[in-house]
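Structures follow.
One chain, chain A, links the two complexes that follow: it is found with chain B in the first and with chain C in the second.
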Partner chain A sequence: MTIVATMEDSIPETAAPPRPRRAVARHDRLALTLLAPSLVFLILFTYWPIAQVVLQSVTIETFGTKAVTHGAGNFVRLFEDASFAKAVGNNLIYAVGTLVPSIGLALFLAVGLQEATRLNAVLRTIVFFPVLIPLVAAAALFLFVFLPGIGLLDHYLGRLGFAQTNWLGDPDVALASLIGLTVWKNAAYYMLFFIAGLQAIPRDLYEAARLEGASAPQRFTRVTLPLLGPTLAFVAVIALVNVVTQVDHVVVLTKGGPSDATNLVLYYIYQQAHENYDAGKAAAATVVSLAALITLSVLSLRTLERAVHYEA
Partner chain B sequence: MASMLPSAPRRLETGRLVTIALLALVALVWSTPLAWMITASIRPQGFGGLGMASLVPDFVPTLANFAEALDSADFARLYLNTAIVCAGILAVQLVTITLAGWAFARLEFRGRGLFFYAFLLQLMLVPPILIVPNLVTITKLGLYDTLAAVMAPYFASAFGVFLMRQTFRTIPRDFEEAAVVEGARWWQVIVHVLVPLARPGLLAFAIVSVVSHWNEFLWPLMVISSTENQTLTIGLASFTRGAESASQWGVIAAGTFLVAAPLMTAFALFQRQFVNSFLFSGVK
Partner chain C sequence: MYPLTRTMAAASLALGLGLGSAQAATEIELFFPVPVEGKLAKEMQSLIERFNASHPDIRAKAVYTGSYDETNIKTHAAIKAGRPPAAVIMSANFVLEYQIADEIQPLDPLIEADGKTADAFMGQFWPALHGNARFAGKVWAVPFHNSTPLLYYNTDHFKEAGLDPAKPPKTWADWSDAAKKLTKRNGDKTERWGLMLPSNYDYLGWTMTALDMSNGGQYYNSEYGGEVYYDQPSMRGALTFVDNLVHRDKVMPEGVTDGKAVSTAFFAGQTSMVVLSTGSLSFIRENMKSGYAVAFVPANLRNAVAIGGASLMMPKGLTPEQTKASWTLINWLTSPEISGGWSRFTGYFAPNKAAYDLPEMKAFLAENPDAKVAVDQLAYARSWFATYNTVAVRKALEDEVQAVLSGKKKPLEALKEAQAKAEEIMAPYIAATAMNLPK
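So, the complex of A and B:
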């Protein structure tokens, strides 16, 4: 609700195009009828679960009895759990580790492939295929990519003289391996937004910069990057949401291991709920994730609104 | 200035070449796992572990891996379930997003701003993060282990609503007003006037919706327990587990190909449409 309060001033911007301020006919009942089908499902599967998980997180059930008390016990247990701390830490590393290379690479691909030549079209298609396959399918393929000794990575790196690596079994490497998979899967998706952003930059700005004697790198940092700012912020938000909400590859490849090296918060929640049947802890961890996402939403509301206005 | 001119084109040339080389390198690395998938899926099975990573098709292609993959999981059932899930979600979504999108695009009403942000909330608090409480709701509704459980949390789509709002705003009001003058009711206006004009927006949304639910995994994994209700991704995961322990990499490649092929084919055929949809899709 804080979102509504703080953003009240920007509503006119998102409402219908300005028209003369005569008494506009209101359609309260019709509007409610039209919104009702969506609202029913939003209530059932977004608002109610949020309320319910908050309630569950402060409800303490004692095993074997029907007695129920309320308190911060679940949160205390959650924060004392070394696995949760590890999952949060991993998630932060995973966030930075995937965001920086995938956005950098996406930007490079967009600038390099922005002109619609035939070669560029082929290259774009090639790098875009990973975006379309399910994360589970990508993970299934990467089982072999990461296979020690005979897998794709070791086979070809071995030819270049590198030693074997236990990509998923070594706790120091496993998270980096998952980061590699995520970058492979998502970079081209972000590239699309940058290509669209680049096309919106007027050509004559580059011409002007060229006439002023700006080199190609200068044109990139002085013209391209500043004008891509909004796209960049927007892509960063989507990438962050992906980091918090996608753990399919963890399920298939590592199950959070070895020794929690690849456990991410959502997988931790899944484990607590589905394997340990610890509803209280799962709820408390969900509340923490929700708080993180809501903070992110408030910080990025401007960006989100722009996203909503995105017209391709 | 003048003295710089002769060298400038040459430097440009080198820079361009380096860029092309780097792009080619990225494309090569990016395509390798999928190229391996295709090669390994048609490689004869007794091919020896050490050569498994080879991308050179130096063998007589065989469909044995596909035969074994199709044999070890009920792919017909998995395809059917996934198709039902995607179609079911999309069908309901098209109704909910068209109605709400039109309300936000055209109507003045009390609490408009509040409703707007209430919808916006779902863009960030996406269903995957709510798997724990949603599982409770699904169980209470008696939907556990049904395809309806896989679909239900997605019937309302904030992203779709905002996309339709944008689409409707690009349509001049004159069309609706003309229909109203001729005595059409609001639902007739929507069905006969707006939906046909909003087809590009609806199509863009449909592609994004189908792709994301075709690929979905964690939520179906939570709510499905019996084999006959599994979707493709769940089937692939359990099938992979079995084949991995037997080191049947060719069979895994074939199974992955079967799961990924429909969308990859659709993309190859309708590339422009897909790209436009994904641009719309920023926030799912």
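So, the complex of A and C:
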């Protein structure tokens, strides 16, 4: 799906046949009419709330007075807040910690299971299983997997002679535990995209590479990887969005603790809005994280796509 | 189906007569949280059905609103949206915030209209519950179900360690001695902990309140929502005691232990003593395989714990009919009979003292001595901390205590930082109240 989209994008502008002006207008009107129903909802539930959040972020309210002023005060307070800095730091560690292993693992699984044999179909299903479990449910399960001493993890590690670990209650380990859960949960989902991407690579390229005497690792780095570029870009963006938008496991397992060790930006926003009743700071943090997300998406899509299209 | 048919009947009657004389039932909504296991939601629905059946002029609807925290969020949202529920079962320590925000109505006029004084009305309930319901000179909430922290201990482990299961530790000295005797080590691996305290957010604040109060402390200023006593000697002693149990005596696991992990470890025999809510009584009774008993939380200077649980409150902005109907529902839900039945079902104790005079309740307590200990401890219970921005102020302490539990900080510096952070959070309120001075 992505591949198709990017291919279309890459068609040079000049290739489009020139159309008469009136036809363009009619074409646009038709497009607009067809889009209208979803556009209405998009405006109502996406753009309007975004506008409200931006407005809220520059609205300053003071307790005990009805007076409202406008300015950058919420942003100043946000950047002064050590908890916000901590949440951003955690989110960066969490991003790198989940993106790299889950994409690596997904690629490895996709290459390993790309041939459509019966055994692979079974293996794919097994590997895909975690994706089917909602994150909340997975987190609730992992509460018991992570129990010190009696949990599944410690039970088997204990048999191997390891000491007990407080997986969620030790501030040095808790974030890594959440990262592990996320990788387990998401790797197979990304694998699916890679399998689709692999299927789109023409077989004859591999034939040619083989004739030229390229080894398997060479075929992977010279043929597979470059041609998977668009998929990689897409998966990276999806994974990045997940890093910022999915905090169900934080809510279920740690509530950001111990001592903010697993607090992520989205949960921080929730805390500001609903625990501290600080709508201004929550809105400011939302604006900052949205801006970061958009910038990152645009950057990663551009660089990765450009890296790919050195078409021969 | 039943309420629907009744509305239709009422509507058709009104239409048929063409007059407003056929009075339709007053519709009210009750927001209720389920803090523990899921079957409570069903029980609440059937309670409301009973209420509707016995009050034909009122049609109450129970709206399940999630946990205490979610109920708080949804109630704020409903009030902001101008569609307040007629009554809410709210975590008892959040009521103050609604009073500060001027979002709930005082119940005194309703009490007076019933021909009672506020003293007589509150007199129905255990004294420990008054502080979170009646403050700033008025009655703001009616206690619905309540709890206190309780010491649960494994009697089999006690016997095995040479301790008398009939004599649970009464002082902190006994407590730490018992914990040392009960801890079982195998090399540098601990096979059984002497004691576990829940230390996840929310629970930890309550655990620390119990220890601080047992050490003579107040935790917070119960008369003014802009003051906490985190860096005072009573709290320092309490936190140092915990730090010693973890890092010096090694009878309690390091780091944060979730309440669920505490009960699971207790069931699995991985810990001999735990402090958990009286609200967990039914859950533990059903799941504990080996022998257990309960006792008061041990004292250093005195026996004292804070209450927990929830109260019924009434938002502003209701019509007079809704207010009246809501008041009827609140009184019905907190009556001795209903209160007692709910208590036996959930494990929470009944706030209404008269509930314990009913024969069903007497029989229940005779059968379940552990429930009786919970009620007896009430004599030593105090109000639950409630301040401006309660959750955030509580978290200021919890973050620092967690750092001590994890060996990252020492009690003294941790508590200084907790106090500073709490004051920073309460600053807007302090500025508008205690520091709002004549110019």
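Here, the second predicted complex is superposed on the first by the 264 of 312 C-alpha atoms of A that agree within 3 Å, B and C clash if a C-alpha of one lies under 4 Å from a C-alpha of the other, contacts with A are read in each partner's own complex, and residues count from 1 in each chain.
FYI, contacts are C-beta pairs under 8 Å (C-beta built on N, C-alpha and C of every residue); 3 or more make two chains touch, one makes a residue touch a chain.
Quick caveat, the model's predicted, so the values are computed rather than measured.
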First, second, both or neither for A:P226, with chain B first and chain C second: neither
Which of chain B and chain C A:V53 touches, first, second, both or neither: first
Partner chain(s) touched by A:L143 [first = chain B, second = chain C, both, neither]: both
Dominant contact partner of chain A by residue count, chain C or chain B: B
First, second, both or neither for A:T245, with chain B first and chain C second: first
Partner chain(s) touched by A:G89 [first = chain B, second = chain C, both, neither]: neither
Partner chain in contact with A:H155 - chain B first, chain C second, else both or neither: first
Touching partner for A:G104 - first (chain B), second (chain C), both, neither: neither
Contacts of A:L42 with chain B and chain C, given as first, second, both or neither: first
Which superposed partner A:N166 touches (first chain B, second chain C, both, neither): second
Overlapping contact positions on chain A, where the chain C interface meets the chain B interface: 143-144, 147, 150, 274
Residues of chain C touching chain A in the complex: 69, 72-73, 76, 188-190, 199-202, 253-258, 260-261, 264-265, 268, 270, 389, 391-392, 395, 398-400, 402-403, 405-406, 408, 425, 428-429, 431-433, 436
Chain A - residues contacting chain B, complex: 3-4, 7-8, 11, 14-17, 24-28, 30-35, 37-42, 44-50, 52-53, 56, 105, 108-109, 112-113, 123, 125-138, 140-145, 147, 150-152, 154-156, 184, 188-189, 192-193, 196, 213, 216, 234, 237-238, 241, 244-248, 251-252, 266, 269-270, 273-274, 279, 282-283, 286, 289-290, 293-294, 296-297, 304, 307-312
Contact footprint of chain A on chain B as seen in their complex: 1, 4, 12, 15, 19-20, 22-24, 26-27, 30-34, 36-37, 40, 49-50, 52-54, 95-97, 99-100, 102-103, 105-110, 112-137, 152-153, 155-158, 161-162, 165-166, 169-170, 186, 204, 211, 214-218, 221-222, 232-233, 236-237, 240, 244, 249, 252-253, 255-256, 259-260, 263-264, 267-268, 271, 274-276, 278-280, 282-283
Complex contact set, residues of chain A against chain C: 62-65, 143-144, 147-150, 163-164, 166, 168-172, 254-260, 271, 274-277
